[in-house]
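Okay, so chain A shows up in both of these, paired with chain B first and chain C after.
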Partner chain A sequence: MFKKIGIPRALLYYDYYPLWHTFFENVGAEIVLSDRTNNKILNDGVKYCINEACLPVKLFHGHIVNLIGKADCLFVPRMKSVARNEYICPKFTGLPDMIRSSVPNLPPIIDCEVNLRKSNAQLKEAFFEAGSFFTEDKARIWTAAQIAMEANDRYRKQVEGGRLPAQILENRQVPDNDGLRIAVIGHIYNLYDDYINRGLLGKLYENGARVFTPELIQGGIVDGNAAKLDKKVFWSFARRLMGAAMHFAEQKNVDGVIYLMSFGCGIDSFIAELCERRLRRQTDIPFYLIVLDEHSGEAGINTRLEAFIDMLKWRKRNDSDLSAHG
Partner chain B sequence: MIVTFPHMGNVYVLVKTLFDEMGVEYIIPPKCNKRTLELGTKYAPEMACLPLKINIGNFIESIEQGADTIIITGGCGPCRFGYYAEMHKEILAGLGYNVEIITLEVNEKGIPELLCRLKRMIGGRSVSSLALPMYKAMRIQTAADKLEELSFRIRPREIRKGSTDAIMQKYFDTVKTVYGAKAIAHLIEETRNLLLSTEIDKDYAPIKIGIVGEIYTLIEPFTNLDIEKMLGNMGVEVNRSLYISHWIKEHIILGGLHMRKKQPFEREAEPYLKTAIGGHAQETLGNTVLYAKQHYDGAIQIYPLTCMPEIVAGSIMPSVTKDYDIPVLTLVMDEITGEAGYITRIDAFVDMLRRRRQIKEANNELVLSGH
Partner chain C sequence: MNSCYLGIDVGSVSTNFVLLDDNGIVLKKLYLRTQGEPIRILKEGLTEIRDFIGDRYSIAASGTTGSGRQLASLIVGADIVKNEITAHAVAALAVRPDTRTILEIGGQDSKIIIIRDGMVYDFAMNTVCAAGTGSFLDRQAARLNIPIEKFGGYALKSSNPVRIAGRCAVFAESDMIHKQQTGQCLEDIINGLCEALVRNYLNNLAKGKAIESPILFQGGVAANVGIVSAFERELKEKIIVPENYDVMGAVGAAILAREETEKKGYTIFHGFDIIKSKYEAVSFQCSHCSNCCEVVELLADSQVVARWGDRCGRWSNAKEQKRAAG
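Moving on, here comes the complex of A and B:
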């Protein structure tokens, strides 16, 4: 039996931490969360992870290194699918194996498989597998699972109600701005990790902007939009991004769209392109693509971001109904 | 309706046989060349994987010759290939090409939709009329793949350098011009006999290298520097782990009938990568183990830059190398066509394998000789 479980503050942490936390707490585990992403974590990630991987996966390796020695075991679930007939990125599915092969001196890893592609029933197995490391009491595990699912539902409702995951999980302050309305589209682990995106959201707030992210849009609206595509986007998280971009394209209720992707992201190489093409076709909303990688020079991003914001302000002041080229 | 399709190594032999037998009018895209790649990199998203870019180049070059319908296969994830057709549609429509794209896949609309699309492909005739031509095309593809496999064994052992290359070049030039299953089968048989009658050094025990990785870059010589030929001419015997005929048999025929059995590579891969993650990650790891068990001197993993499943496999590969003491060279391919860097690394890898074998032989470690 283990007591302390280490959870990396990376990748799907922003989507599922309330669920994981509640579950492990209720089976009697003590939860150790890795530190917020910092330079050491980035360097460790780059050091241990395969060169070709994307930045978020490298950072995940760094967060694992950060937890070594702090916990009896690490939680790296094998996430294959989180919804029927959908997948997520293959790197998530191979993550436990990647970690085992790349990071030395690891404590045991809890790598229960989550594969809801065919049905939700598999989730039960995953709970029992993960819980069995902390208690033999099956009833306790099942109760913990129920409470965790409720916590997860509450969390989703809070987010859809307008609170950002970073506000709920990390107590980030969000000012009540009423200036530019800017949509920021990107994977959840890129949007809310301030280190990875060089404090993008904060910089937008400083400029008086109101920020809209895909998580804030009602699930039903995302689903409805995504269903209009000729072919279903079979990656769950990308489908959310695509649905959100379509929503902004249709409502035309934002002044600018920023797409945040990591270098080498296989899925975003397609989805960012599809979002941009759709926005350009249907609207004249300016679109700005930021590609993140492990180079930590911030000046390039700042310059381009300032230029983008200036341009949006200028468009708004002059006449927002006219396109920039008259 | 003039149909075209993307290149992927010798797959055009299969498609050609099928369309010849069905009487469908088609255009084989020009062999992948520098312009194909240039068109692809110009119009495809920067970070898309290499096969998508080359597909786009193939399509544009075929459209220029008069094609108006594109046939490709699809899928439903998690590899990016499943969304290729949608990207193709966007990009070609954006360029103003008026082409229809028919994707052959079983998607959320199920088998009836696939039958519908097959029917469109063959100009409204009944789908059952496809059965015999499909069977013939599959047999021919199997023979074509076996022919290439044979050339990998003959090339390093040939006495007169260049004889295998000459035979194969003639075959590749001719196969596009002969018509129908019977003639293609005859040509393959003829080429096979030519290869078998090539004078070879029977006592030569070449270095043996297994090629693993992502299927497209493995099969399409334009994307892998024609690596089998290059290694063969260095005196190395090559074994490629994936062939299109094998893929079709396993995934479409047996998979479709739910009769697919667990393959040896899956058993070998499981300790390293527990489940299939899409693409060919398990194949890559499992086949490397199998090559090691068959006393291959080394393996080469090839994949396109940003390929998601192969990044996972590549990340785990050092564990396989360590456990089975098999050297693995990883080649990541992208649109940069400077070959010198790759050739230097391949050369050095082969030298290293030769030296390893000499040391092992000197220490009597190698029980089995290369053959």
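Moving on, here comes the complex of A and C:
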């Protein structure tokens, strides 16, 4: 039996931490979360991960290294599918194998498989497998699973009610701005990890903007919009981004859209393009694609962001005041 | 004494100064190589500007732009610090109010700015790759032993351009060497390079954007007649190279600075005495957390003027508090 479980503060952490935390707590585990992404985590990630992976996967490796020596075991579930007839990025499926083959001196890894492509029933197996490392009491595991699912539902409702995952999980302060309305579309681990995106959301807030992310849109609206595509996008997270972009395109309720993509992301390479085309064909809303990589200089992202905000302000003021240059 | 307005564009390759008079006419322009020493070049430029204006003019506003805009603004006391996109757009519109497209190729950046109804409608900047920017042409000119000023002239003499792969500067170079080894003439290779650069620019940056006339071509590379002609052949439109194409960023900064001071009623320009001060930028690694930020400190006569580069703000804010208190 294990006592302490290490959970990396990376990738799907931003989607499922309330579920994982509640479950492990209720089977009697003590949870150790890796530190917030920092320079050392990035360096370790780049050092241990295979070179071809995207930056978020490299960072995940860094978070694993950060947990070594702090916990009896590490939680790296083998995530294959989180919804019926849908998949997620194949790198998530292979994550436990990548970690095992790349990072030395690892404690045991709990890599229960999550595959809900055919039905949700498989989730039960995943819970029992993960719980069995901490207790033999099956009833206790099942109760913990129920409480965890409820916590997950509450978390979703909170987010859909307008609170960003970073606000709930990381205590991020979000100012009550009423300036430009800017939608930021991207994978959760790019949107809410301040290190990886060079504090993008903070920079938008400083400019008085209100920020809208795909997570804030109700699941039903995302589904409805994504269903309008000629062919189903079968990657769950890509579908969320696409559905969100289509929602903004239809409602025309934002002044600008920023797509945040990590260099080397296979899914984003064409979902970003699809979102851009959809927005440009249906609307006049400015769109900008920001590609994140290991660059540590902020000048590039600052210049682009400043120029984008200037453009939005210029457009807004143009009707009444012709001389404004932002 | 008449008023004039100073604009400074600190770029990766060149640092440009412009003085505008009350009618927006360029009184003086300077195009200096940055040579990796922005502070020294800034002082050199300011000395030349001071000697030029003597007691005929007084500086009523100053503005900075370019990747070194923050540093320059702290040294000269800039009324406005603007990104290059906005600065270039403002300058282009001052020359041709009906401008619809701006092509800008500088030392390490290339940009396309789409203007509609006299304001920035859309823009793009090169992402991860600097192929096809000025520094690449510089390097190739040096390798071929041709002064960069004459580079474009060679291209015009070509009768049969060879195809060079322009996707990547490294590949382009090996492709050029290969073409040289097989005995192709220099003029054709240089013309091939110009065409590759234009093709790359249009495929990467201008992808999906409507390039409509009037088209202005700005930035140092606009001096290259080979590139101008390759653009005209590819776009089948006339390319306008404005008189002050090489310093348009600085022109924009001067115009914006003037607007800003007219709004607030005074300038914070430090005056020319700063030339006598000894400016020094020193950097150190903060060891307070595992981010290990590289903090830069700007010293004027051994006094800290500003600090930046820290993610958490403990250094830059400390400075600001000191400034507010003192």
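Definition applied: the second predicted complex is superposed on the first by the 319 of 326 C-alpha atoms of A that agree within 3 Å, B and C clash if a C-alpha of one lies under 4 Å from a C-alpha of the other, contacts with A are read in each partner's own complex, and residues count from 1 in each chain.
By definition in this document, a contact is a pair of C-beta atoms (placed from the backbone, for glycine too) under 8 Å apart; a residue touches a chain by one contact, two chains touch by 3 or more.
Here the structure is a predicted model, which means the values were calculated and not measured.
Following the overlay on chain A, a side-by-side fit with no clash is recorded for the pair chain B and chain C. When the shared chain is aligned, chain B comes close enough to touch A:Phe234, but chain C does not. Once the two complexes are overlaid on the shared chain, A:Gly199 sits against chain C while remaining clear of chain B. Of the two partner chains, chain C is the only one touched by A:Arg304; chain B is not. In the superposed pair of complexes, A:Lys80 makes contact with chain B only, with no contact to chain C. Judged by the touch definition given at the top, the superposed model places A:Gly266 against chain B, while chain C stays out of reach.
Within the superposed three-chain model, A:Trp314 lies in touch with chain C and out of touch with chain B [touch as defined at top]. One of chain B and chain C touches more residues of chain A, and that partner is B. In the superposed model, A:Lys91 lies in contact with chain B only, and not with chain C. Put simply, the nearest alpha carbons of chain B and chain C end up 5 Å apart when the two models share chain A.
When the two complexes are superposed on chain A, the residues of chain A that touch both chain B and chain C are 263, 277. Looking at the complex, you find that chain C touches chain A at residues 67, 82-86, 90, 117-123, 125, 127-128, 208, 256, 259, 289-293, 311.
Remark: chain B residues 45-49, 74, 76-80, 82-83, 85-87, 89-90, 94, 103, 107-108, 272-275, 277-279, 281, 305-309, 311-319, 332 touch chain A in the complex.
Chain contact summary for the complex, chain A toward chain C: residues 35, 38-41, 195, 199, 263, 276-277, 280, 286, 291, 293, 299, 302-304, 306-308, 310-311, 314-315, 318, 322-323, 325-326.
Every residue of chain A that touches chain B in the complex is listed here, in rising order: 49-50, 52-53, 78, 80, 85-91, 93-94, 96-98, 100-102, 111, 113, 229-235, 263-270, 272-274, 277.
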